[in-house]
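By written order: A, B and C. Residues from 1 in each chain.
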Amino acid sequence: MVSRWLKRFYVFLIFLFLYAPIMVLIVYSFNDSRIRGTWSGFTLRWYIELFRDPTILKALYNTILVAVLAAIISTIIGTLAAIGIHNMPGLSKRIILNLNYIPVLNPDIVTAVSLMVLYRFLKLDFGFTTMLLSHITFCIPYVVLSVLPKLRQLNVHLAEAAMDLGATPFYAFRKVIIPEIMPGIITGGLMAFTLSIDDFVISFFTTGNGVSNLSIEIFSMSKRGINPTINALSTIMFLSILILLLIINKRTEKLDERGARIEKN
Amino acid sequence: MRKATFPYLIWIFIFTIVPLFLVLYFAFTTGDSQNFSTFQFSLENFKRFLDPVYINVLIRSIRLAFVSTILCLIVGFPIAYIISREKPNRQNLMILMFVIPMWMNFLLRTYAWLTLLGRNGFVNNLLTRMGFQALDLMYNDKAVLLGMVYNFLPFMVLPIYSVLTKIDKNLLEAAEDLGANRATTFRKVILPLSLPGVVTGTTMVFIPAMSTFVISSLLGGNKSNLIGNLIERQFRWTGDWHFGSSMSIILMVFILLTMAITNKFDKEKEGRGGGLW
Amino acid sequence: MKRTKVLLLLVLVLILATVATACGDQRPTINVYNYGDYIDPEILKEFEEEFGIKVNYSMYETNEDMYIKLKQGGSSFDVIFPSDYMIERMVGEGMLQKINKDNVPNLANVHEDFLGLEYDPNNDYSVPYMWGTVGIVYNTTMVDDVVDSWDILWDEKYAGQIIMLDSQRDSIAVALKKLGYSMNTRSVEELEAAKEELIKQKPLVYAYLGDQVKDAMVAGDAALAVVYSGDAIAIMRENPDIQFAIPKEGTNLWFDCMVIPSTAENKEGAEAFINFLCRPEIAARNAEYLGYSTPIKEARQLLPDYMKDSEVAFPELEEVLKITEIFKDPRDIVEEYDRIWTELHSQ
């Protein structure tokens, strides 16, 4: 009995630790006082300020645009690469997989400075393009890593059978292989999207000319001092994640139900 | 089919291999960082790093990364274990609750602690209201460690959890049938089998903890540097890209070595399966 | 299949959106590069409306940060705001171009005390933007002593109550001044002595902060802090317990100016912008918003009383000049500064 209570208490403590800061941010986002620690009444003015701030809105736009583009491009390149790698003989496969691991295992800051040096060397203008290229670079490996296991589970003879039945290789690829590995592709794409949204270090070093993303804005805001609009921003981000998850949850539940019904029939 | 890899091969070449060689080139040369024609081969950058001042920073980074990894393990293993023993529905919910904060921008999460721990922050307000002495919670190593554990704990919990759920229940029953009590089962069966997850978790916490510069700058009050801060400063502040590159190489080599060692440790055990993927 | 279509549609929409935003704005642009939080955003808007020029505004944290960004290329800026010693360096390296004074008639509004200074003797390259000193702010509810010397920052009574600037140059300058040396010293021994002082001080320091110092002092987190005079005004405005003092050993007198890099693409736009900021009414509003001191003569008269008559914002220049120094470019001893700073932070 005691051990069960202890367990419960431990779980409670851990989740308190994980959520307390977020809750405090949310509460303070409604605080009228600029100064932390003093509560001087309820207000929505930080939210109004947030939506009036052109820099934050522009940064939000950049963040989402980079994340979507990086996710799409890296998913395409990564999926193709995974299919190629899967069909390779042992040695080249191992070499490419190891190369693939470099951006995963390298510390962010090393990847960041190496890309910065590259762009300088190529005399590229720092800005949106360089940031996007960098994001694609660190996203592809994750796509490859999430598609490969699905390919391993794939029945080797499926594509062959399709081609025997008269399908062109491309048709077989599109109609047989792609649908089979779709879950892996979607996982990879989502992972790329979240990684790109959350990135700070690599964007920080590889952007320029006034192009920034949310992380960079938050960093410079927190360096400038406590700014209640950051709290408002956190609240909105937290709530949108929560709502998104609830929707996904509801949808999968519905799908499950439907699946169960079909099975019954 | 193999041709499908071509675009990625080109990409790897331009954006992974060439940049690393450029960093290597910078590390072994000196000159005006912005003017390639002034570069001269030299080991000066590495010699400069041997100065106790810089070595101290490296040691500090290793120490903090090590301590935070251990803390994550101590805090994370039990929770991963508890979750893996729950009913499947609850398991999913609890894991989801672990992942949700990770989806929030990590700078925001770190920044949140400023509000909590400041001299007139939330915790101290509570303490003084309850009649206790206010504490100095911010701008020291403990705050930096806390920030690291807070940010990287999920990286430890998720791999351990994914390994623990894959343990064959029959094994545990077999152990019990053979007369092992719960402690022995844990020690002799669960712990060894969870090792791949622990190794993955350890590397996934150690690497970002070792190279962070944001956490030390926001929660440490810029009092003490980590190697990440040094690299950042060379590239963005002092403008000595050569010295910055040599420190990046040192950091990279150090991390690759650590991983090679932990991997070897891992390989000795049969059966892989740790990892997030 | 449906999913692919949705994806394609999404890509299309995004591309259209990018194109739309890229083409939507056909106005000429100027790229302005400034310190974080160092201009009233309303003023930018007004400039855009009046001149039909779009302002593309980005921020840096320190002079050095900006210098490297400019050096590494890949960016183009039309107006930047470096400080005195940085102007000296950039002029020396040919990174700035001469301002066409015919396009900046409002240069005549600048107080003559701030023209023709050593870093740019004929003001060929720079127009002063803001100026100030460095001093100590202290919370009178926590500090009973008279604050008139840097020594108080080494007083053990205030252990854990002192905030220093997270800036190599300024913090080392404080230590040098405390020891009675010039803050432009090139002597390695003097710099080493300053380093020892800073290391001795470190256990007493609560944190080394940038702009966060304002919040920390307003909230009463610390008793003493080294700040720029403009930040002192901003802090005192929000917390009446705070006072500002310039230590008797002397301090730094600084000028942030507007300059045009040689790589600028819209020089006329840049000059129009500089001229606009030198209008007394605009300069006054900007100064009030920031708390910093404007070098524009008539602008001072337009400020609210608490600033206009403030000793902090507008000290008697003759008096101040006796004990202050303007930074000179430390170009060849930058590595020494960096080593000192690293050593201080590796403890």
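Methods note: a residue touches a chain if its C-beta (ideal position, glycine included) is under 8 Å from a C-beta of that chain, and two chains touch if they have at least 3 such contacts.
Worth saying up front: this structure is predicted, and the values here are computed from it rather than measured.
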Can you list every chain that touches chain A and also touches chain B?
C
Per Cα centroids, the chain farthest from chain A:
C
Most contacted chain pair (by C-beta pair count)
A-B
Can you give the whole-Å distance between the Cα centres of chain A and chain B?
18
Return the distance between the CA-based centres of chain B and chain C, expressed in whole Å.
35
Touching at least two other chains at once: which residues of chain A meet that condition?
35-37, 120, 222, 226
Shared interface positions of chain C, touching two or more other chains:
72-73, 219
So which bits of chain B are touching at least two other chains?
34, 118, 120, 235-236
Tell me, which parts of chain C touch chain A in their complex?
7, 10-11, 14, 17-18, 21, 31, 33, 36-37, 56-59, 61, 69, 72-76, 210-212, 214-215, 218-219, 238
Chain B contact footprint on chain A (complex, rising order):
7, 10-11, 14-15, 17-22, 24-25, 28, 35-38, 77-78, 80-81, 83-88, 96, 99-100, 102-103, 105-110, 113-118, 120-121, 133-134, 136-137, 140, 144-146, 149, 194, 197-198, 200-201, 205, 214-215, 218-219, 222, 226, 230-231, 233-234, 237-238, 241-242, 245
Could you pull out which chain C residues touch chain B in their complex?
62, 64-65, 67-68, 71-73, 160, 166, 202, 205-209, 216, 219-222, 334-335, 338-339, 342-343, 345-347
Quick one: in the complex, what on chain A touches chain C?
34-37, 55, 61, 65, 68-69, 72, 119-120, 123-127, 130, 208-210, 212, 220, 222-226
Would you mind writing out the residues of chain B in touch with chain A in their complex?
1-9, 11-12, 14-20, 22-23, 26, 34, 36, 75, 78-79, 82, 94, 96-98, 100-101, 103-109, 111-116, 118, 120-122, 124-125, 150, 153, 203, 207-208, 210-211, 213-214, 218, 228, 231-232, 235-236, 241, 244-245, 248, 251-252, 255-256, 259, 277
